[in-house]
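Two complexes, one shared chain (chain A), two partners (chain B, chain C).
And then the complex of A and B:
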């Protein structure tokens, strides 16, 4: 096939445009974060860290950041913990109602987040409990569990039962078998699952808007409320920090896992 | 191993195993002597692996009891049964070094670090792979991995060694070599071994005793020669080796021989091993290798031999031997495998075939 045919030219332009529309806004946000002026006008008049400094001094944003980090980490830990146990049950054991239960646990992926957000609120009201950090955490676990479950299950299917059977025949009890054989083999999936949960929790806005209280604002919720008042350049700085964080975390995880596996070879 | 002790190492008593409506093992009664190598042989789905897994504790019998060293072990969890298990696909732990793989079972027993090192080194020497302690399983070939799997299983000095088709993932030449190695190792250690296979050559060459299974039930148990030469029924004869089945009726019995009239009207003689009376419908089993084929011209049958006339219908040359299908009458055809002592016969050639009554084995017609 000739590489210079009109078809190929069209594909090139199309691909280029896709990338432009995907990345241009992100780049604009990062660039404008260094804009010294109150309003984003090109060409920029110099480079300034002014908005980052202001960001660091804004206690409500620091608060929101802390909230998001704590929430994300706890969500990752709890979601991964439940996910591992559930995946073990679904893949390694037979019990009645298995498929139904699996579908129920995976369903948050398919249900719109708005519905999920309202539903959990209504449930809380029915229980006559106030909104709290616990609610937010439960909500985020529900949201992220399907991803952990899918990743860990997929990996577990690939780990042959014989490894566990061999370990048991050699004298390891059920717990030792899990600790010494299944868990290390599952580790890449567990890390990936934890990372997914953290990122999703850190990022979520739709459902979190329903669940967050004034004391439990997360970063996305904070940005959203800031946008409602005015378009402050602080938001650009905050956006830049978020982007760097969300890109750096998986990259770091990937690097670490490669480093680990190299040691093992 | 002391041989004076007559207590069987493993006993199956009235074992049934059902998966839903499917019967995997049916009414199994079977003893395994201490220090012997017993093969569970049968086609896939005959229940041999299920039986092995029940000894291991990976399956529970639906009915019946399993004993090891005289103690009922139905309710003993796997990790307390002290068994060595070897899997078809090795199942070495991919994230552990060879040393850690072999040492795995010792970790859960009260063995000191020094003893572990010593035992692992010795086990690796026994499987003739010393010095690979620091490698990962993925760096070894299939045959080497299987040896490590053996080292891992024997290092814990198990009461019973369980092998589930351990050689079937290896290629032909390696399989032969490993078969001998397993055999030597088993004899050297004197460890009671249950070996599951669908490969009759493995079973015949290694076993002290073979248990032939079909559809979950025992067809025959015995020494390899007995099972091969005196199959208990049609299935065993058909599964092991290449057999000819000739149906007929007993028309005469004397102290040495039983005379059988077959469908074609010919009369054949089989050695009398008892158990039949005149008028019984029987099936005569003759191994393809037991026939001798001669040129028809100038052939005179030897005294007391069964002989046929026929035409070569088909032949296949197999290197060391030739396999012929010889047409006797209109429908009957016999399979003859001949070591090429004489020349190779051509398709269409007229031949005479003879077989000694000693090699004709009778079973009741099913």
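And then the complex of A and C:
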């Protein structure tokens, strides 16, 4: 299509409007975080950092942040770890029932979180165990595993089997082959998978509402309970912090991994 | 049997046992529980009876929520296709240097917390929110219009959440179209519009339908947007489950509703898979 044709112009305007729709709520949160007013939303009356200061002094929010960070990191480590193993099995081996099993492992994507939440809680009730941090952790691993599997599998398909065979024929054992050949080649996907599972865990709300207790609240659960009253500038400030964190993390990771791979060359 | 056949199973063991113990067995528990009785004291009594299901379909109250869930899911799917196709097409045809950046940008909301994106509609559509403030300022209205807590705002929240999935699915299938087909169509005298209608559009339909399925399934199980942006009359099935299980601790009934929701989704996914194949869905996650 000619770049100057009216049809193309319309497409561009349309796309632009969709962007406005997608980003308006995000931008508004960040702007309103600096709103000095206690009540009402607009108009803004100046710029203030008071809500950020108030956040930093709010111990229950700091606690929630800590919980979320620990939970997200552990989830990322575990689900990336077991996800890599499963991806190796699916891409590097032939065995009966492979496709079915792959679908089973991916199925949590299609199962509503509410159902997953009830199911796991019910099982725990039957086992007569109380809700705990461990419940959140195993729940989040199940939620994030499919994404890790998809990302790692996609990359593993592109890594030639010959590299691994060459290493083996030169006398490396399976572990050495993985450590020195497969793992470095797989690293971008591993980082992406870990990051993805961290973010999903960090942001998850629906299933977490079922599993969290007053002692181990995560940030989204905290925001949810703050919203019960009404929206406040403090929530917007907390939202702004979350937005900056969740966007900065992948950008930083991307930058670091590029830098890292350059050093290795 | 080759020696070493145990290896893939050893590699799969952790994931399979995680999914088996934390998903398969718990879901079986839901099914079993849905037949149990609830004593007036609140205790659960093992039984095999269909009372919980009968209760669901006893009058119009619960089926109405189910129908609302299905209707809202369809609405979301349709709006997402309308809003998502053109941007995906734009990314596909654009030769801008910044194309990759644009595409990354539309994925950005994926990374922004769901609850923050959802609650921010209150900032925009609330009584003292952006839209009311703007309309008051230009003098179009004298007092704020109440826009929140209805099905429309729920739909806004849902679209904001699900649109990137749709765009991504459509884009992946557009990107997979052999560009020489388009050139051939143009050489043979097709106009731009004809080439789109006869070549691009039909070839992108697998992506569109994959996007539709994903959006439908995710909408049907959604809890947060109706909770935050809807009123009491906008509850969807997931809200009902949450209220019964966490609110009134009625596990058997909550389980029965979960089974009804799962069956609905299963029928839809199964039908889709039977005729169109499910694998297209997963492609969009692997694209990048």
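Heads up, the rule we're going with is that the second predicted complex is superposed on the first by the 247 of 265 C-alpha atoms of A that agree within 3 Å, B and C clash if a C-alpha of one lies under 4 Å from a C-alpha of the other, contacts with A are read in each partner's own complex, and residues count from 1 in each chain.
Simple rule for what comes next: a contact is a pair of C-beta atoms (placed from the backbone, for glycine too) under 8 Å apart; a residue touches a chain by one contact, two chains touch by 3 or more.
Computed from a prediction, not measured in an experiment: that's the story for all the values here.
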item: Clash or fit (per the criteria above) of chain B with chain C on chain A; value: fit
item: Which superposed partner A:184 touches (first chain B, second chain C, both, neither); value: first
item: Which superposed partner A:252 touches (first chain B, second chain C, both, neither); value: neither
item: First (chain B), second (chain C), both or neither touched by A:162; value: first
item: Touched partner set for A:20, first chain B, second chain C, both or neither; value: neither
item: Partner chain in contact with A:171 - chain B first, chain C second, else both or neither; value: first
item: First (chain B), second (chain C), both or neither touched by A:47; value: neither
item: First, second, both or neither for A:227, with chain B first and chain C second; value: second
item: If touched residues of chain A are counted for chain B and for chain C, the larger one; value: C
item: Superposition-derived minimum Cα distance between chain C and chain B (Å); value: 7
item: Common interface residues of chain A - those touching chain B in one complex and chain C in the other; value: none
item: In the complex, chain A residues that touch chain C; value: 1, 3, 5, 7, 11-12, 14-15, 18-19, 21-26, 28-29, 32, 40-43, 81-83, 85-86, 88-90, 92-93, 95, 101, 103-108, 110-116, 118-123, 125-126, 138-139, 141-142, 145, 147, 149-151, 153-154, 199, 202-206, 209-210, 219-220, 223-224, 227, 231, 235-236, 239, 242-243, 246-247, 250
item: Parts of chain C lying in touch with chain A, wherever the complex brings them together; value: 5, 7-9, 11-12, 14-16, 18-19, 22-27, 29-30, 33, 83-84, 86-87, 89-90, 93, 95, 102, 105-106, 108-117, 119-124, 126, 128-130, 132-133, 159-160, 163-164, 192-193, 217, 220-224, 228, 238, 241-242, 245-246, 251, 254-255, 258, 261-262, 265, 269, 278, 282, 285-286
item: Chain B - residues contacting chain A, complex; value: 56-58, 77-85, 87, 89, 91, 93-95, 104-105, 108-109, 136, 152-153, 156, 162
item: Interfacial residue positions of chain A with respect to chain B in the complex; value: 160, 162-163, 165-173, 176-177, 180-181, 184-185, 264-265
